[in-house]
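Each chain gets a letter, A, B, C and D, in the order it is written, and its residues are counted from 1.
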Amino acid sequence: MTSVSIIGGTGYTGSELLRLLANHSKIDEIEHITSRKESGNSILKIHPHLKSMGYDNLCFEDISLDNINSDVVFCATPHGASMSIVPQLYEKGIKVIDLSGDYRFEDISTYEEWYNLKHTGKLNAAYGLPELHRETIKKANLIANPGCFPTGAILSIAPLVEKGIIEERVIFDSKTGVSGAGVEASQTTHYPNVNENLKPYKLTNHRHTPEIEKELNKLVENSKNNMKVSFTPHLAPFTRGILTTAHTYLKEEYLSIAKDEIVEIYEKFYKNEHFVRIYDNDMVSLTGVRGSNFCDIAGFEVDRNGRLIVISAIDNLVKGASGQAIQNMNIIMGFDEKEGINYCGLKP
Amino acid sequence: MTSVSIIGGTGYTGSELLRLLANHSKIDEIEHITSRKESGNSILKIHPHLKSMGYDNLCFEDISLDNINSDVVFCATPHGASMSIVPQLYEKGIKVIDLSGDYRFEDISTYEEWYNLKHTGKLNAAYGLPELHRETIKKANLIANPGCFPTGAILSIAPLVEKGIIEERVIFDSKTGVSGAGVEASQTTHYPNVNENLKPYKLTNHRHTPEIEKELNKLVENSKNNMKVSFTPHLAPFTRGILTTAHTYLKEEYLSIAKDEIVEIYEKFYKNEHFVRIYDNDMVSLTGVRGSNFCDIAGFEVDRNGRLIVISAIDNLVKGASGQAIQNMNIIMGFDEKEGINYCGLKP
Amino acid sequence: MTSVSIIGGTGYTGSELLRLLANHSKIDEIEHITSRKESGNSILKIHPHLKSMGYDNLCFEDISLDNINSDVVFCATPHGASMSIVPQLYEKGIKVIDLSGDYRFEDISTYEEWYNLKHTGKLNAAYGLPELHRETIKKANLIANPGCFPTGAILSIAPLVEKGIIEERVIFDSKTGVSGAGVEASQTTHYPNVNENLKPYKLTNHRHTPEIEKELNKLVENSKNNMKVSFTPHLAPFTRGILTTAHTYLKEEYLSIAKDEIVEIYEKFYKNEHFVRIYDNDMVSLTGVRGSNFCDIAGFEVDRNGRLIVISAIDNLVKGASGQAIQNMNIIMGFDEKEGINYCGLKP
Amino acid sequence: MTSVSIIGGTGYTGSELLRLLANHSKIDEIEHITSRKESGNSILKIHPHLKSMGYDNLCFEDISLDNINSDVVFCATPHGASMSIVPQLYEKGIKVIDLSGDYRFEDISTYEEWYNLKHTGKLNAAYGLPELHRETIKKANLIANPGCFPTGAILSIAPLVEKGIIEERVIFDSKTGVSGAGVEASQTTHYPNVNENLKPYKLTNHRHTPEIEKELNKLVENSKNNMKVSFTPHLAPFTRGILTTAHTYLKEEYLSIAKDEIVEIYEKFYKNEHFVRIYDNDMVSLTGVRGSNFCDIAGFEVDRNGRLIVISAIDNLVKGASGQAIQNMNIIMGFDEKEGINYCGLKP
């Protein structure tokens, strides 16, 4: 049996790891779950909904990394914090799945520019989007778990980019639930400010932009980093989920493509992917993926101007974070990729 | 392996049965799922979120009861419809779990009075609240699955009633999510009518009242049906969950009871009950039981007037319907009672 | 023309005073609006929605009370703060409307007990519920504006109490929107904690309890402070509004009273009250009073146990605070009582 | 004094007309309000929140147009119905404000193509967007009140189009509240389908597209109908409001334009427009315009790819329908343009 530890266990991603691992047949133990602030306290103080799920004796610890000997460690730590933790675990030979942005860029300078942080140094990490990089992930000891917005955005148009039928400029207009802002209370998450409201934030410089762009560029044949990704997230009045509306324009020579042909491109591209589901637009909902590791994709319509619209729906905390992290663990540990995360959405 | 069928599979309870059974290790097959209106259609037409969960080839059927040979049949049929279906299955020796109100009353006249329907005749049914009637359920071939409100209301004060420390008059002020109104659209469920609103309906004559009352009376020593239950449900602006606020008055001789003693009464009463969790009030939330089979209980405070307040939280579609139905199936089939329903709430 | 000042203008009650005063025909000027923290800043920084409403040059000030010479001052200050501000204004002969709890109790010891504060000394204040105390308000220079919960609770059963037809024990089960918690962000108001959730807080010792009780006692003929009020508020997932469900029991001699007779009691009691509307239950909604100064009352049903249920709906920030404050100002200044607050709810 | 009638008064736009007209100082009477279905019933049956607002004796009528002699008639009738009603009123010399799409197109063939209806014949209507067409409106007897989405979309980028600094392709990604779907209940508006969800509908062929496009083309110097508008609305989980995110690309020669210069273009364009407010992004909210006739505009940021993003926020039922209709009435009747509609948003 396999033991895991979680670094930084008080947030929503830590909570979701525990929720999903509770029913994972290959995990018999959470060796350690760390928190400086809550050290010594039961995890039920912070995550009371996990009562009676096997964690009633599990406490947060403020522990030295030296003492961690799990097979797998999840770093549910913020950007900037992970890169001071991961190297030590990595060198011990522990398989590490990092949920922060610290190891997502092959090119450190892009990271440093967009995150405005000095990086501690590149490691040999795989970008943990299994649908695009499964073979690399299998061999990796460090997984950079993708950002929530990039997961939905990349999967939404990867088949179009690979097929080369859309122009270089793409716009992702994403709508995220409030859980994406984390567990800390702020004016941003103050109920009267969110409820009956919806609005964009980081209109032009969200750091997930280059993450999306570099992944799309990998799909372009003979890429010269042509893709020009514009990305704007909106905070919407629900708790979980990201709906991404991808606005793309067909290249002139593909203007007469039929919707069926577009759907076929998607179905072929994702034919072996359990966690990507292709839908008619009417059938997609955020509740359909709520609590689930699925990424649902729909749309595929072209208007008079040659604009091709595609939408994707994910749960930001599952496929956009902890579920995908477990999917990556399953891959690197040789488990069934679906183990512990094969749930449909909690709809309605 | 065990096969099950579902009569009436297009509603929310049918949907939830499918969602939970998809990961139930003892169920290998949905033999039949019926719908007159959707006969011949894939269940994915109505329940698209179940795609890739093992049901992609499952279709609704409009089938004669003669052709049903499952080990267990769930009747997810409305009040009044069940009693025209259940007898035939029951006589064939099939174990039946009926989610309607048709077999919940030992006394048919109470049913006929409150449901304003003529009953087709009493059968030997067990009231399927395992926390109170596990031994009876084990031996039963027909389970009357409790109503959603009664489940939360009865469990919230059963220990007090059994202990005999509260007066006969109790008031349940319940707040339910909109999924309790079913899948059909109506002015009641029209978003602009529900959102930013909350209000009582059936202020005084909800048919769950006598169901609660007769179960509480069973707990009274030498009962002469003394309990006087007043119950008022409110429609609240969320989708899942029932929060029941039980207002009771301590008998004069117990006015000096301490909160700790009350908590102890509950912990003792439910000490073997996995699906009942006792909490401090601050720790309870409807999201903590969302999608889960737990009934969380908190409160236990007494005010200057001797009013003792207790609250319970359940997911109306799970512990209040389909989850409890599977719990009952597990009991009558001799499975682990937690099999397939041992999930915590989807919080946040 | 009349000039007003607002002490403590950065919260929701300050915001609502400005919103309503902007269209009040008798008020030509906000002389001062104070805030220590935002002193010098435009009120639009905190209340951007008031742009172009006549306040574009209005700034918060941190000003000595000596310099305030308005005809009317609204104290939108918290409990405990008001009593250090009001006396000085009161002695200058300024008419003061205090929105805190500091002057709501004739009996200072009750205040000190429930608010756990030492009071600076009683003043001659009128309890500002016009429907019950209009004549006293007319002559007062200091108005203690009622609490939000007491407003809805008292109005909901005042006619029953005055008529003497209900027992002494009454239970108010109230459901409030999140704006009642104020503008400050906290775990309590963190969107993921509120959304899809609903739960009681201060189950038994909310300080609005004695405020309700003493007002109801005033309505009892030859009262010996008999009323035994139990009050429990719930935080519900909407922004504005309080729905109060009053559970009362009819005295034995009135058990056969018809619903029509009860409605008649209410219509008679409130026949001259513009801001109280009597409804059938189906017609009431929180949106129907949203942004409005109305208190809508419905219910009036009696169950088998003699329980009589009444509900009231108000906007906690309007009839429950700033709207009622302006209603009080209208009365003490001799304006038309409806001036500036005669709006229906923003429904849907 | 002026009398008005409303044709089709049971929907949300009828309701909002009544709400706003109740406090309009120039309107002393609703002469007639029509409804075939509710004929003879009090308007309070359908709009109970209007009780005590001056309409307690107003009933719906099923009346011949011959009998209508108001100064102004609002047609709150659906697309297709208006064109069978308006001509008769228009010929009698009554000033008509039509809230449907029937008279919004100078070019009937565009209407017929997008609405898939045969038109009864063009009349001399002014497109009722006062910020662009005030002088024309002043002289008109028939006003085609703009669509809700077009109002927010057109106003959001009109200054950019007139200035000629953006490319021809523009994308409007709009998010609307559920009240836009009207009062009738349907699966689309069923609470469990909307709540915790958000998704596009009419991805590519919404009929508001040509309405936006033709208005933008009017702003282009020497236009050859160059603008290529792509518009996709999303249904979002709130009741009121439309947030439109306009994605445009700067022409190459304007790539170095500063944000301040863009803001200046807007402030100049709208300098005399009371109902358009320019904001920093952080200051905009849908609650800030809820119940209000303001259109708030923000954004103005340019990203690495030359994409310029602008957002607008309106209340779909006010500036997007009934408020704008009253604004138009004020203009054609020579009233103060702000009369009866000068309210800020109901925030929070």
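Just so it is clear, contacts are C-beta pairs under 8 Å (C-beta built on N, C-alpha and C of every residue); 3 or more make two chains touch, one makes a residue touch a chain.
All values reported here derive from a predicted model rather than from experimental measurement.
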| item | value |
| --- | --- |
| Greatest separation from chain B - chain, by CA centre | D |
| Inter-centroid spacing, chain D versus chain A (mean Cα positions, whole Å) | 39 |
| Separation of mean Cα positions, chain B and chain A [Å, integer] | 36 |
| Separation of mean Cα positions, chain C and chain A [Å, integer] | 46 |
| Residues of chain B engaged with two or more neighbouring chains | 12, 179, 192, 195-196, 237-240, 284-285, 287, 290, 348 |
| Chain contact topology (line, ring, star, complete or other) | complete |
| Of all residues in chain D, those that touch chain A in their complex | 169, 171, 173, 175, 177, 192-193, 195-201, 203-205, 209, 228-230, 232, 234, 236-241, 243, 245, 247, 249, 281, 284-287, 290, 299, 301-305, 307, 309, 311, 313, 348 |
| Contacting residues of chain B [partner chain A, same complex] | 12, 15, 19, 22-23, 44, 47-53, 179, 196, 239-240, 274, 277, 279, 283-285, 287-292, 294, 342-348 |
| Chain B partner contacts - residues on chain D that touch it in the complex | 12, 178-179, 183-187, 189-192, 194-196, 237-239 |
